[in-house]
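Just below sit the structures, each encoded as structure tokens.
One chain, subunit A, links the two complexes that follow: it is found with subunit B in the first and with subunit C in the second.
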Partner chain A sequence: MKHKGIVFLLFTLSLLLTGCAGKRELNELAIVMAVGIDKGEEGNVRVTAQIPRPSDARGQTGAPSGQTGDAIWSVSAEGKTLFEAIRNLGRFSPRRIFWAHNFIIVINEEFAKTGIQDVIDFFTRNPELRMNTWVAVTPDKAVEVVTTITGLEVIPGEAVDKLLRYSAITSQAPRTTMRNLYSSYLSEGSDPVLTRVRLVEKGVSNEDPGKMNVKQVELAGAGVFKKDKLIGILEGDEVRGLIPFIERLESVILSVSCPNDKSENVSLELRHQNFKIIPGYEDGKPTFHVKLVTYSSIAEADCPISLKDKKQVDEMEKELEELLYNDIKKIVDKVKKDYHADILRLGEEFNNKYPSEWKQLKADWKERLQDAKIDIVVDAKIKNSVLLYNPTKSN
Partner chain B sequence: MRVQISNGMFMAIIINMVYAKAIGITQGSLAREVGNDMWISTIFSTLQGIMMIVFVTYVIKRTPKMDIFEQSELLLGKIFSKIIALFFFIFFLFAFGGVSATFVYHLKDFFLPDAPLVLFIIAAFIMGVYGIFFGLEVIGRMALIGVFSIIALNVLIILGSLSEFRVEELEPIFESGFLSTLWASRHNDTDWLMATMMAAIILPHVGKQESWGKSGIVGIGLGGLFVVLWPILQTGVLTSEVTAQYFVACMQMARSAHIGLFLHRYELIMVAFFAISALIQIMMTFLCASIAVQRLFGLKDYRPVIVPVALILCGGGYCLVFDHQIAMDFLEKTWIYVALSIGFGVPLLLWLIGFLLKKKFKNTNMEASS
Partner chain C sequence: MPDELELKLTSTFTFDIESNISLIREILGHSVDLVQRDFIFHQEKQIRGVLFYTDGLIDKEEINKALKTLINCSDEILSSCIGDRMGDELTKNIKTYLLNNVSVNQSNKVQDAIDGILSGDTAIIIDRTEQVIILSSRGADARSIEEPQTEQVVRGPRDGFTENIRTNTALVRRRIRDPQFRVESMKIGKKSKTDVNIAYLKGTVKEGLVEEVKKRLARIEIDAVIDSGYIEELIEDAPFSPFTTVQSTERPDKVASYIFEGRVAIFVDNSPFVLTAPAYFWQFLQASDDYYSRYMSGTFFRLMRYIAFIISLTLPSLYVLLISFHQEMIPTPLALTIASGREVIPFPVLLEALIMEISFELMREAGLRMPKPVGQAVSIVGSLVIGQAAVQAGVVSPFMVIIVALTGIASFAIPNYGASFSIRLIRFPLLIASGTLGLLGFASMFTIIAIHALSLRSFGESYLAPATPFKPSDQKDFLIRMPWWRMDTNAQLAEGEQYRLGEHQVPSPPPKGVDKEGDKGQKPPEKKKSDNENNPPSSKQSLVKIRRKKRKWGKKDET
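Moving on, here comes the complex of A and B:
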């Protein structure tokens, strides 16, 4: 009898453990692939969510069965706060909005200028979101960026995800995730910098060949933040000098002119790069020695080039060094003179080496950074001509 | 005849007893206090844990056939033994606050935010009670599987987050100062004290008496190795500032882990591995608290008190984890006072009394050998 009671109790309690509590069925979810955040009317926030239509967002095989013609369904709503706007999405969405698979958060620059603290807070507090979600700013309406079909993928969010994932070689934008944004926002020794994307008419329509009138999402530099407010923009070419400071360096393509014919170019692929910042402290002022060593290979030559010709190689190396030096100098000067925001993470580097001095300097670090002596040394080496040994020229 | 477990099982139980809370909730507290130095603080507390297990082993080894309650009775009589049992019960009652916060905040906050809190407490109750009903040996066997789960979890998190790891984030070392880093180790000390207090109860059940000390040192050493990996990764991947923001920072890191492009979002696999360690923590806390109550009331077996003890612990756990602020305040303040005072104080007190009343040990050990 006693055992029967225990068995009954356990059986009854086990009903609570069926795994049904808090369940979310797949066919009840509206899976968000990209989010756009704009300024709404009367100081509101406008949130746009890009959601795939399960019946039309086909995979590798099979045709769409929904017959709507659109792989995505985009909804937009406003609210006084981000959460209220998101909750208002529920007025249109027949399914529960589900954030776990979101690829990217796109923030309009006008909105970003007023501060993105609420965006950071919501997307880091939400248990559904991952911290490796991309975050970008755009000069266009975020609603437009999020709803534009771009790239090869059926789902635009996925296309932008891959655009960012495989874009290192272009060096046109940093690749920033929510984790990067959150850590630099919280850090005393750095300010956030975000990927910048924009819409450009660079896609060629199959129905109107020869005309580039299809809007596509393009990488377009970086948004510079001071704390949580957007304070400036770096254009694509300016980002090249920034990337070594904030990312692990990958392969980059650069062009230099041919040594014997300045009207022609040689494309160099910077395959291995070693970037170091050595902080110092002299006369109460921080100093930084920035050193970049690169090893390049010749990717394409418009003129006859061979590694056998040492003089030519030396000339190209010198030009490459100048190019890289100028890139870094430009961004360093801009940060010091224009932005007064430490997007180069120099504060963190200084803190790593001089923690006790950092404690004294950190309160007015942005001002101290302006007086900081930063010297840059670039050592570029061309060591590889890929498959060709002899120059490509007609005999 | 006492239930016997092998020295390997003893080591496995130590590792599991500490791991689940130490990698997450404890690291958040450490990050809030000493930032980048949280991994150094974890190493400090592991060393203190090793010293403590050596000390507890020494205390128990004086009467190797007796657990800490029987030794107390031998020294100063039944009432003293009951007082010690009461201290042990209070210790494990408070310890269950941290254990239940670990279990609930990992599973509820990250996976089932809509599920009622009571569901997790009932789950902990049923599994904990079921586990300890079969006794120490069964928990010991589960703990061996738990160690393999911990290794698997550590391997998965290394593979999934190493690509994002920035070694520069670990610098500067001792940013908060040596003494502050050492002082912060008290957060993780509370985890190790759960292991050493448990050892004071279960050591007489461990097979080879001559290797008790070695097993304890290896158990805590290995446990420390498994645990310290997390603050290093959390600092290098999330940064200490981000770690400090969360109740359970390890889950936030686990959710962002990915191996290459195709294997990502595997946190459910990781949490399955983690759950074994969390369950062993629950079982051992129930077991130790039940044994303490058994000794408090002078019962022959702990089984009759399992359910009431588990109900008390679960009731306390429920009230605590219901409010995040109360839970964190408890874990970062109240629990530390209780854990340090009882965890260090009781073995020290017994050692001191034993030191003064050496003769009693001699007589007892002679009687036992004859």
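Moving on, here comes the complex of A and C:
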């Protein structure tokens, strides 16, 4: 028993020997909420980190501090490589820079055009970084996007995070995380697309409500990449055709003209979609059959319509189908003709169905894609008029 | 000197009353509470008698009654006794005459007389006989039966054990009117000579358990036993463990139900805490309320207690390891909130946690020991200082206060005080390990504790049963409390009868129609039954089937 006691004592004492190795407490960390990556001087990389000051970011009632300054503190540093720039941040930061809570990585388009391989590598290699961080490109300076305080949220990073998280209803930009970027970058059958954000003066000023001069971050389409280089921009409305290929088209509002009065509009909300890509292989050429079935409901009608009237409904469905068809067609054409980058992930679909044929085609897949036959079928159904079954009209 | 005393104690009485009296006086001295009453047993034959008893331990009424009988009937008693040395004959007669009063023993050993006097009996010494009559006249003042202080229930019996061992056994006996219920007596403590009773249900108690308990009790050599805590520490299986392997309780209903489950209860005189063994770890988390309130609420509150157990064991350690090592595991908004609270705190989180834990324990201890009115002041000052001022002064973070308060509340939700204390003890090594090594330290310390708990045995039973080793039929009363009509088998620990319930115990209203007629009393019950048999409701039939199946499955292997 005495022996056991000594062993136990030694064991307990050995805990003290660690000296709490690796211990760093939450309040000794500079928690990064957003990162901006710009081109620096002389081919350098400029990294901007947005760090909240906890006591100002959170109205702390008990502690004798807080509410004295800005909620965030931003630091910017340059370096030959991304890692060097990040290490250089340490020159300014009294606390250790901590990356695990990073919400978003914003990359300047000029920088992205020269390739973002280093970004992908660094942010996936480092164990402290999370794969579900949003990644976006911006035509503005990333520094500005990262440090602009937007209206509702105290911390800009959080604001952009929520903007992307609840952006499904606008379908103005794809929602891309580090994981998406990484997988589409690594995959032979696809190329990355990234969310695009920009600063616009759209916020209404509190002092002078007539002016809209407050800067806001806005979702503005997508950046198209070939391998790791930015090659093109899709504007907000063009993205609608892209979204079904990479995520789900949810809750989009589309307006069609009224069946009986072409000057008025009916707004339709896409509630549910069924999207299928069926790859085929004919005479050494890949073919794709793209089928989109959507179910929508009437969100707003400027003219009296009823779902009972089959003719009216058919007319609206036809217009909606045309609208969606054009959206998809436009993006498919752009991919085939302009980009030569497979952002629609058609290669992956093909690989899944024809793995052995894929091995022969993958080497020059981008060229094959140009003359691949892609036919699009859209079937739109208007199923629901929500609470009003009969049209609203006077009398 | 002790040898001399020993010699006197082991000697026997003589026929000479004077020497007998002086012998007792020499042994017991002239204590003020030792009462000697001389009386003339028989006037004509000039036979003297002396009574010895301890004041305060006896019932005076009893002694007076006995004395009256003795003197009034002295002629009859003496009628068959001739000569100077009457001896056995006399005492035998006295015994028969006194029997209408109380229990009477006779002995010629000094030891017996002394033991009797000291435990509240009366020793009657009559001239010309070497036999001493020991009259049972115990009647010390005792606390009446009150509600148990440490284990309160909302619904259930309110009586608790007292300091009187006989009252205690009676409280249990009232709940077990089985002829097989046995209470055996022992005396432990060289000087205190404390009564210890072992109670069990013969035929139900685990085989060999009573013998083992007796063996362990007989092994004890100690001068005095003041409380059952002494006995607990001297018979438990794991003296070096923070876990208690013997349960102590103030509730007779608990003891009775444990005895029905095949356990042994150990009563110790002068202690309102009765020990039961063997003990499983989980039973410390089970309250009597679970069984008395309906099964749904019983199960719910039991689950709450399991949660409380986990919280009180791990919450501070998890908080410390998250804050000081694994910040990435905290959701971002929460991380910011915690960081803002910790902004001005001068201590590392481990130290902060230790300070708070210790001040909480201090407050609890101070509130407990103080007289009640002062205790309140302690808790007010404590809560103000710890809860309010410490946060405002920036010494501890508000989050830490929440964590410690939650942990404290959770540890109070554990119904057994001893168990809640041992859980609180284990918390500290866990806290230090996770504060120094993070999740790694927490996991390894937890593993060590788990391995230790797994290796424990309580009187031959695995401490963590019925979880490990898994006992299928005991699951009915482990994480959840099954309704009584489903708890059909006895505890696996218990020997003997396997089923505690009859069949078809699920209550249900009578089938439609039959009820009305039955109410009017127009149809005899036999008729009703046959109706039932002809048209049995399908649901009932299936229920019976389920039960039969279950019985097969739950059968105990006969060994």
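Of note:
Everything below uses one rule, namely that the second predicted complex is superposed on the first by the 368 of 395 C-alpha atoms of A that agree within 3 Å, B and C clash if a C-alpha of one lies under 4 Å from a C-alpha of the other, contacts with A are read in each partner's own complex, and residues count from 1 in each chain.
What we mean here is this: a residue touches a chain if its C-beta (ideal position, glycine included) is under 8 Å from a C-beta of that chain, and two chains touch if they have at least 3 such contacts.
Every value quoted in this text rests on a predicted model; they were computed, and no experiment measured them.
Looking at the shared chain after the overlay, A:183 reaches subunit B, while subunit C stays out of its contact range. Using the contact criterion defined above for the overlaid structures, shared-chain residue A:272 touches neither subunit B nor subunit C, since it reaches no partner. Judged by the touch definition given at the top, the superposed model places A:87 against neither subunit B nor subunit C. For subunit A, the partner that touches more of its residues is C, with subunit B and subunit C as the two candidates. By the document's definition of touching, both partners, subunit B and subunit C, reach A:130. Within the superposed three-chain model, A:348 lies in touch with subunit B and out of touch with subunit C [touch as defined at top].
Using the contact criterion defined above for the overlaid structures, shared-chain residue A:113 touches neither subunit B nor subunit C, since it reaches no partner.
In the superposed model, A:25 lies in contact with subunit C only, and not with subunit B.
Counting contacts by the rule stated earlier, residues 16, 22, 100, 130 of subunit A appear in both its interface with subunit B and its interface with subunit C. Contact residues on subunit C toward subunit A in their complex (touch as defined above): 240, 323-325, 327-328, 330, 332-333, 335-345, 348-350, 391-392, 394, 397-398, 429, 432-433, 435-438, 441.
Interface of subunit A with subunit C (complex): residues 1, 4, 12, 15-16, 18, 20, 22-27, 29, 31, 33, 52, 54-55, 57-58, 60, 62-66, 98, 100-101, 103, 128, 130, 155, 158. Against subunit B, in their complex, subunit A makes its touches with residues 10, 13-14, 16-17, 21-22, 100, 124, 127, 130-132, 165, 179, 182-183, 186-187, 348-349, 351-353, 355.
Listing the residues of subunit B that touch subunit A in their complex gives 109-116, 119, 122-123, 126, 164, 168, 171-172, 174-175, 237-239, 241-242, 245, 252, 255-256, 258, 261, 265.
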